[in-house]
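Encoded as structure tokens, the structure appears first; notes follow it.
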Amino acid sequence: MKLKIILAASVALACTGEALAQNFNDPAEFKKQREQLSMKPQGPEGKPWAQHLGDGMVDTAKYKKDGPVTLCFSNAGVFNPWRVVGLNNLNAEAELHKDRIKELVVVDAEGKDEKQISDIEALVSGGRCDALIVSPNTTAALTPAVEAACGKLPVIVFDRGVNTQCPVTYIHPVGGYGFGITSGEFIASKLAKGDNVLALRIMPGVDVLETRYSAAKTIFDEAGINVIGSEFTGSDRAKTKSIVEDYINRGEKIEAIWMDAGDTATAALEAFEDAGLPYPVISGEDQQDFLRKWQSEKLTAVGPSYPTYQWRTAIIAALDVLDGKQVPGPEWVLPQPAITEDVLAEFVDERMPPLHYSLCGCQELPGYPERWGGKK
Amino acid sequence: MSSNAISMEPASFNHRKGLPIAAVLAILSAGFFVVIALATGESAQLSLQGIVGLLQRMVALGLVAIGQTFVILVGSIDLSVAALISAVAVLASLLMQGDPAMILPAIIACLGLCLAVGLVNGALVAYGGINPLIATLGTGLIIQGVLAASFADLQGAVARQFQVLAYGGMLGIPYSVLLLALLALAAAFILNKTLFGARIYAVGGNPDGARLAGIHTERLVLAAHVIASLFAGAAGLYLAARLQSGTPWIGRDGIYDLESIAVTVIGGTILAGGKGGVAGTLAGVLLFASLDASFNMLGIDAFLKQVLRGGIVIAAVAIHAVRYKGHVA
Amino acid sequence: MTPIPQVAPLRPSPKLALNAGLVIFVVLYAAIAVVQPNYLEPGLFMNFLRRAAPLLILACGQLYVILTGGFDLSVGAVATLAVLAASILINGDPDATWAVLGTLYLMGIAVGLVNGLVVAFLKVPSIIATLGTMLLVNGLALAWSGGAARGDLPENFRNFGRLVWRDVWLIGSLPLAVVVLCGFVAIAWWGLNGTVYGKRALAVGDNPRAAELAGTPVAATRIIAFVVSSISAVTTGILLGGFSGVSVNAGEGLELQAIAACVVGGAQLLGGRGSIWSAVFGALSLFALFTLLNLMGLPQALRDSIQGAILIVAVGATMWRNRRRI
């Protein structure tokens, strides 16, 4: 009886929820990012982490501070390999500027919004920080805390954004639509009309991931390619492989695999190996294990990226702001290159661990490759 | 605070020999925070603002844990709180949509949901005879599933005025900290000074005896589950105010289920029920909050932090459990 | 605290336990076959077993702890540790595999001993003690690997999860993982039914005080249960690493699934009732349920809800059956 009430309430909730679903398919944003992908970046040649797309600059003279400074960084967490590589980038970049940075304080929120808010409040009230870098765990949740911090010191946000214009600049690569466009267009170009593609995604509801899928889906629909399934893997290799096996066992023909992140790409490919089938066309990401497999098995593949070098940019931006230099803003859009057949060999590095992100821009940084878990 | 419990229990602990667990734990936790702050030169953390920040870290877990204390005292347990917190936070932002006129209806609806979940949990455990771990794990999964299926890409926000709960305050003390203090006092009063409270201890300490004494043990177990759910709801509302909008994962990401059980047990409430109290639980919450703050000041790496926390949980419970003469499982 | 100690431990009725879990499994597998008829082919059934093997093995280990009245929440973390440690220590060198396997089991036994000693002598309730070791072991594994997969697993290690012998007489194909599974279940069955340990475990779970008075070594019984559970977790980790390779979340969430499996199969939480078949058929049922929900193409999230509901119903049904019998 009571269970019935709850179920009824849940169903009611479910229905209202559907109606209020957020729109992750914004044609204007899709168009903008498509243009940005082909835009020529400004800034130093060969250093994409210091480049930017578009012309907007912000003046930071009022933040100028001489002498050694303390940078504070509130990190959402290191709960996936992308963030692990990124944090190494950030620490290594800071090491390059030893003469300017007195101390780099890093606090980790372990993926908890509430802890990150408290962490930011403690950093601000602690009074030691000259500039604050934030990599928000969730866009909306962190907005009030970042707003409060903006009043006290210069704030730089990267990766996910916040719903306020108060930070000095918000650093991010082109974005989710761009990722989906690169991978979607590649697969569409290799498949015929009516072919099947299986979409493997990490999890629902995360803006930066949802936009990747919506962009790719738009392209598949336009090209008449059939999306036979969209499954969530939770970044779990065993689950990924099982899902693909299930599709194969059902007798579905899979011409291509599209992924919103490449960390389980090799697991998806293994399902084809175990079934004795030829490899499909696949879009992965810039992880080493995927690139190596691509090279050794001569796959038809593409590696779009959400480059981890943006973690370097965060330190560069913070120091530029404290130097009073102009920085790209209010959004600092970084180039978002993709790895293709032609440049594959440049990015394969046998010394690095399987989930190292090749577009880390870290090859010249102190401690490479050991700091990133590589062999000398 | 647990003097009533002691009089009802055949003595296996003797609290009177030393300070109660709650006081020892609170002093140690606060002391640790102060020492680390001084040692790292972060003296600003000892200012009013720093200490308020520390207390604010206690609010969400503190609210859940007070509720958890009630269920554990009757010998049950609630694993569904994390999912319920997410549900409440999502429901609050969904119903308010930034409109201050909807604050009250939203709060009522959220607490209504909690009441329903608490009743289901309580009914399954008390009347269905289903092991509370499985029953509440089950209801938690059901709630989490429905939430994730329907609100994966929700857009909604609580009213600005509602956020005063998390960001406003008087005399430098946030309302949320005052709320926690008030609810903790109320819970302690209920447990120690009312017949209902005495019965809670009786049911947990010796269910057969309580039944023979004419207590409707099932009703008390049901009531405890409802209280736990309502406290989880309060935590969910606070988080919605603090985070502006709820996501279907905030409860799970915060690990409020296992952490609330851990702090309750660290605070001296025993899992078999019948002994313990709110003061100990709050001391346990203070321990977790000061560890969080201190690890930040020390700049300890996230993985090492997890190792230390695991060790501290075991040690904190072992310190008072080891005196226990019987068997535990 | 029962006032009158019952000295004679309750003997489980093995026939009945077998029926309960088996019936649920057969019904669910029949449903799978309706949705996807080729699951009746021996090859796909073997593949089903291969994929269920990690959970089955973990459930068998968990059952030992559940029989003695405890929980082991650390198993998922131990499985993750096994995968990460194997990859770092072997680092692609096939000659190192066997030595490293030994090391993995030593690590597992160490964690099991810590769990057992903390519960038996420090009197920390197992749910808290193993929650602590879960955090600890997970943290150690992540700190060691730096938070992301490192090293490499050679083919002879991957075989534990990937190797399938084709053209086997009668059954068509035989995955190595299924052989490991059968071996593990046989040993686990022998441990409970072929030695004195089974009776002791049931006695300790039913009433530790009474068991102690009857001369049962309560502490040793408990500690062995945790060690067996950790060994099962390492085995699970080896199969998972073999099936799909290194990842930092290989064992995530498996602990609750293993407990749920035992309960669905008819084992009683807090001890006193259950047999190895509770674990085996409970895990098979749970895995068949996951597979069925996958095949039906329900949204992922609702699968959680259905899992929750089934859990409550399964336990509720057992309760109801038991009450009727009394």
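Annotations
Each chain gets a letter, A, B and C, in the order it is written, and its residues are counted from 1.
One rule holds for everything that comes next: a contact is a pair of C-beta atoms (placed from the backbone, for glycine too) under 8 Å apart; a residue touches a chain by one contact, two chains touch by 3 or more.
Treat the numbers as computed from the prediction; the structure is a model and nothing was measured.
Taken as a graph of touching chains, this assembly is complete, with every chain in contact with every other. The chain with its Cα centre farthest from the Cα centre of chain B is A. When the interfaces B-C and A-C are ranked by C-beta pairs in contact, the top one is B-C. Centres computed as Cα averages put chain A at a distance of 36 Å from chain C. Chain B and chain C have CA centres that are 30 Å apart. Within chain A, the positions touching two or more other chains are listed as 78, 204. Chain contacts: chain C has residues 147, 300-301 touching two or more partner chains.
Counting only residues that touch two or more partner chains, chain B has 142-143, 146, 148-149, 152, 301-303, 305. If you check the complex, the residues on chain C that touch chain B are 1, 68-71, 118-119, 121-129, 131-140, 142-143, 147, 205, 208-209, 212, 218, 222, 256, 259-260, 263, 268-271, 299-309, 311-312, 315-316, 319, 323.
Touching chain B in their complex are the following residues of chain A: 2-3, 5-6, 9-10, 13-18, 20-22, 24, 77-78, 105-108, 110-115, 117-119, 121-122, 125-128, 138, 140-141, 143-144, 204-205, 210.
Those residues of chain B that touch chain C in the complex are listed here as 124, 128-131, 133-135, 137-149, 152, 206, 258, 261-262, 265, 270-271, 301-311, 313-314, 317-318, 321-324, 326-329.
Those residues of chain B that touch chain A in the complex are listed here as 42, 44-45, 47, 49-50, 53, 56-57, 60, 91, 94, 113, 116-117, 119-120, 123, 142-143, 146, 148-157, 163, 167, 239, 242-245, 247-248, 250, 253-254, 292-293, 296, 299, 301-303, 305. Residues 36, 38-39, 44, 47, 51, 54, 145-152, 162, 164, 240, 243-250, 252, 291, 294-295, 297, 300-301 of chain C are the ones that touch chain A when the two sit in their complex.
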